[in-house]
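Both complexes shown next keep subunit A, but they swap its partner, so subunit B is in the first and subunit C is in the second.
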Partner chain A sequence: MDGMDGPRAAARAETGAGIGFAGVTVAYGGAVALADFTLDVRRGEILALIGPSGSGKTTALRALAGFALPVAGRVTIAGRDVTGLAPAARGIGMVVQSYALFPHMRVAENVAFGLAARGVAKAEQRARALACLRLVGVEGLAERLPRQLSGGQQQRVAIARALAIRPEVLLLDEPFSALDAQIRRAMVEEVGRLHAAMPELTILHVTHDQTEALSLAHRIGILRGGRLEAAGESRALYQTPPTRFAAEFLGRANLLPVEVLGVENGAAMVRFGTAVLRARGGAGRGRRLLCVRPHALRLHQAENGFAARVDGVRWQGETHALDLVAGDTRVHLTSSALREPPRPGTMVTVGFDPADAPLLDDA
Partner chain B sequence: MTTLFAGRETRPVRFALWGAAWLLLLVFYAGPLLLIVLASFAGQWNGALPSHLTWRHYGQALTGDQAGSLWASLATGMIASTAALALGTTAALALRGARPAWQRIGSLAFYLPSAVPTVSVGLGLLVAYSRRPVLLNGTVAIVVLAHLAIVSAFAFGAVQAGLARLPPEYEDVAAGLGARRFYLLRRVTLPLLAPYLGAAFNLAFALSMGELAATIMVYPPGWVTMPISIFALTDRGDTFEGAALTVILAAATLLVLGGVARVVARAGGRARKDRRAR
Partner chain C sequence: MTRSWRGPGLGAPALALPALGLLASVVYPLALTAPTALGGGAPGRVFATSWFQAAALHTATIALAATTGCILLALMLGLVFAFLPFPGAGLVSRAIDTVIALPTFLVALAFTFFYGSAGVVNEALMALLHTDIAPLAFLYTKWGVIMIEITVYTPFVLRPLLAAFAQIDPAQLEMASSLGAGPWRIVRGIILPAALPALLAGGSLCLLLTVNEFGVLFFIGARGVITLPLLIYDKAIQEFDYPAACAVALANVALSLSLFALYRAVLRRLAADADV
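Moving on, here comes the complex of A and B:
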């Protein structure tokens, strides 16, 4: 499948825009579900929206798809204002958690549904449906009914159906959460592969699974209470979260209360308990939070380290997870499986590379 | 401790509950039905059981004065149920997207006839349509109208329940793929609703076939439905012939319901099975 119609791709190349939310506010009754939401997704980019339940991520997706009408703001697709357009006129493919394959239609009919709705000739419908099924590796299932498919197969068919209309934008609404872990990983890889084959497709991926977001998305937006808390390149957002909430929501984080003493050789000098440590950036003085991911801590490293008591040790197959206590602060450490893990109650030193430890405001 | 309602009954209690349920079913439902079937074959019934068993009552019911009743009931039931299904489905679909206040008003309008005695519905129609400009008194139309008024509420309720249980993702995805309103309705919503539409029709048809109180107020000569014939026969002492007509009424109703169930199984059964499998 060529993925995009030539003229449409050319038009988008001119604008360079994928999806745009500009000050979008959505309210249900009197309750504001999404407030002054502004975010741009570049053409060909995969952006993951994550956040806890009720944070507004699905509302943002529904506003883009046309199922929730904003009370303020503007939604654009490829530079075109679609705020008042009906869902059918937006050119969006959508994959949802429950797959929503039409149970009374065979797989090929399901995939061809959008084409039939748009009045594409029957012969072309069939050819394009089979091409999409081939793309996701389930061309042999064309004549089956949805109930005759496994969860993973249904999800592939749902993706094929969304891609058959050659959408400008693909919306993924928690599409993998009903799958078991192994199939979920395979499907995330599959979507990554599909996007590599269709690099101009803009994907908005709503998920509560941070691992899924980190492994698939170029950029991540974190929502909290209907507002955009943080947004940025996935790796940068993970390594340098701008807020405490972002640090805690995107992966696990140790947030150590420290006092900034000053800057020395480009690194911030901070006091944690009785230990003086080096951290990344952070001009000024005062109380801050030192963010260190559990896998960034090194057991038995005295350099740039502190003492902690082992509270618990859990073997997790490929890794060991250690629960430590340093002063009044609980610290989590993960490392590759240890040959001789420390015993609970013993004292250990743990250290870290200053480059892996940014400073955050305690808010 | 024995608990009756928490699903942890002991075996003797469970047997006692099942026994009581079967006894109630036998005494109030199966027993009278069985006696009607027996009575429909009775030549005489002087003792505990009928004697001189005969098919004569069925012959009279199908060829005598009551022969037209079966047709009148089936035609009335079919027309009223089909109209109720169309009306109820349209109203339920229209009200689905309406504001809550309009939903309440619309639902009230449909449910109102089912909340008053059906004889009052018949009387109301008789009074309303016995003078110009709309003169329906003495026509078949007023019988159909009476049945429609009574069964619409049930058809509307069944479709409304079906719509409430329809996962919104199906329609959302279809609309996103480019399906306009009527295309979506024809290709997605109605097929997914098929089991509920079938149930709505069956409920309306069964109620219509058994309707007596409103019909007796409005029926014209020449359009005597089966419940009226049964009532007339038993009223004048022809109990066995009335019983035969009752058995024919039940059989005809079950036959139609079975046929509808088969159609629904083909049209929408796949949808239902799929949702169950989830």
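Moving on, here comes the complex of A and C:
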């Protein structure tokens, strides 16, 4: 994740309006799939929309593409109201999970399709198609048919096809879901590199894969039940989720029920079971949730820590995952691979840095 | 080690009996047409006549026109049913399918009731125009035959076409649209190439059936429209000229088998393309 920060930050243009949703509501029959959705994506920004199935993320993308007509609200691209425009007139490139390459056309013809539809001269179509194929590293496959390509190659061609028309906005609708884990990681890095080469391109990336979202996006929007639950800078949203749902959906989170005792030296003092712990922020008193990511917990750290019983230990190659029980609360801890992992049934202490532990409302 | 099941031991005699029955009742009478046709120089005598050549020409033009009509109508209906669905589209599609189950002469009869000299349309027009002569007489020409054959055989193209349309990933159409393609380019560039095998298969079948169509022509009795199947009937039943009837039948069978071979070749070619 961190590896992407450099080029990602450098690539971000943020020089104007990219995409705008203003109070967009989409209904299928009587069922509201997206309700009063308002979100702006800056030009040159990569925004990931994540959420569980049926949360409305694909509907939002389809409303932007012109395949779902809002019953209320406005959709804008580069400041232009496109709510009533046909998909063909919106100037968007789109990549979907099924690749949707045209099976009877060779790769170069697939990539040139949008150029032909826009009346670009034949010689230029070919040159631009090959340039886009080169951009995604598959220029050698120009004369192949889609069925002669692997899934990863097909997805690269789909990206080249979407980019060939030089769109203002690139929509990615779960584009890597059908790929195996290794190729998916490579494709995420590829999109990051492409964006670094085209920093003005605004990307809306719909995914159910939080890792993909965190790896690629400058900002993340979390949808729940057709509504925007939370939105913010990826790192900030991960480190300080505003709601319990956001904390649990974006990465794994331990949500420890605590009682806020007060504030001391800028840190909130909370009681968890019998332990008094320090946490980030959180003025006021009363019952709250302490959010600690599994990798933020340190095994055998007594400072700012609590006792827990080891319930299970799983070796995962590079890491160890520990299932712990503290009082009535199950706690998950992830650490780099341990030389001598604790045995199930033994008691351990686990601690954390207060800066890594924000307080949430229990809602 | 396994042994394959070889039946109760009846073996060859059990197979030979039905095979002989088939030979005696079907293959032998069919085979008889060849020597009857070829004996006495009937082909040379028949094929050189103007009535045979006119029948061959009528057969080909009616079959080609009806097939073209079937393909165009099926394409239009298929596009509407598959991509512009309307309330009741499924019901209409199934109703069109039921035409397959109807005997061809029944459709001809229905057209007679509707467009015939004393049909509903002509009676209305005669009342409107204050005339005693039926204004619409196309039903008793080759155009009437073509229209009826289009009605009868369109489902044979429509059904495989709808199946092919159902196989098209809707995302492909959306991608094409988002890339800037209008409806016509999408139909021409994405939908038609995907449906081509179904269109060719349905069209070839349609051509084969229309070449051999007898019931519609016999029922309508279109003036001067004699096709090869009608000619066989005329020569055999009305003129008792069996050698001439068999010669025409031989030509009809040759035409049908050629079309069938073409149909198979097209399918093989498409299958080979799909396997590349």
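Here is the rule we use: the second predicted complex is superposed on the first by the 348 of 363 C-alpha atoms of A that agree within 3 Å, B and C clash if a C-alpha of one lies under 4 Å from a C-alpha of the other, contacts with A are read in each partner's own complex, and residues count from 1 in each chain.
Methods note: a residue touches a chain if its C-beta (ideal position, glycine included) is under 8 Å from a C-beta of that chain, and two chains touch if they have at least 3 such contacts.
Everything numeric in this text was worked out from a predicted model, so none of it was measured.
On the superposed subunit A, the positions of subunit B and subunit C overlap enough to count as a clash.
In the superposed pair of complexes, A:161 makes contact with subunit B and with subunit C alike.
When the shared chain is aligned, no partner comes close enough to touch A:352: not subunit B, not subunit C. In the superposition on chain A, no contact is made by A:21 with either subunit B or subunit C. With both structures placed on the common chain, the touch criterion links A:146 to subunit B but leaves subunit C unconnected.
Residue contacts after overlaying the shared chain place A:113 against subunit B and subunit C alike.
After overlaying the two complexes on the shared chain, residue contacts for A:87 are found with subunit B and with subunit C alike. On subunit A, the surface touched by subunit B in one complex and the surface touched by subunit C in the other have residues 65-67, 86-90, 92-94, 96, 98, 100, 102-104, 113-114, 117-118, 145, 147, 161-162, 165, 171 in common.
Residues 65-67, 86-94, 96-98, 100, 102-104, 113-114, 116-118, 145-147, 161-162, 165, 171 of subunit A touch subunit B in their complex. Within the complex formed with subunit A, the subunit C residues making contact are 169, 171-172, 174-182, 185, 189-190, 193-194, 276. By the touch rule above, subunit A contacts subunit C in their complex via residues 65-67, 86-90, 92-94, 96, 98, 100-104, 113-114, 117-118, 145, 147-148, 158, 161-162, 165, 171.
The part of subunit B that touches subunit A in the complex is made up of residues 167, 169-170, 172-180, 183-184, 187-188, 191-192, 194, 267-268, 270-271, 273-275, 277-278.
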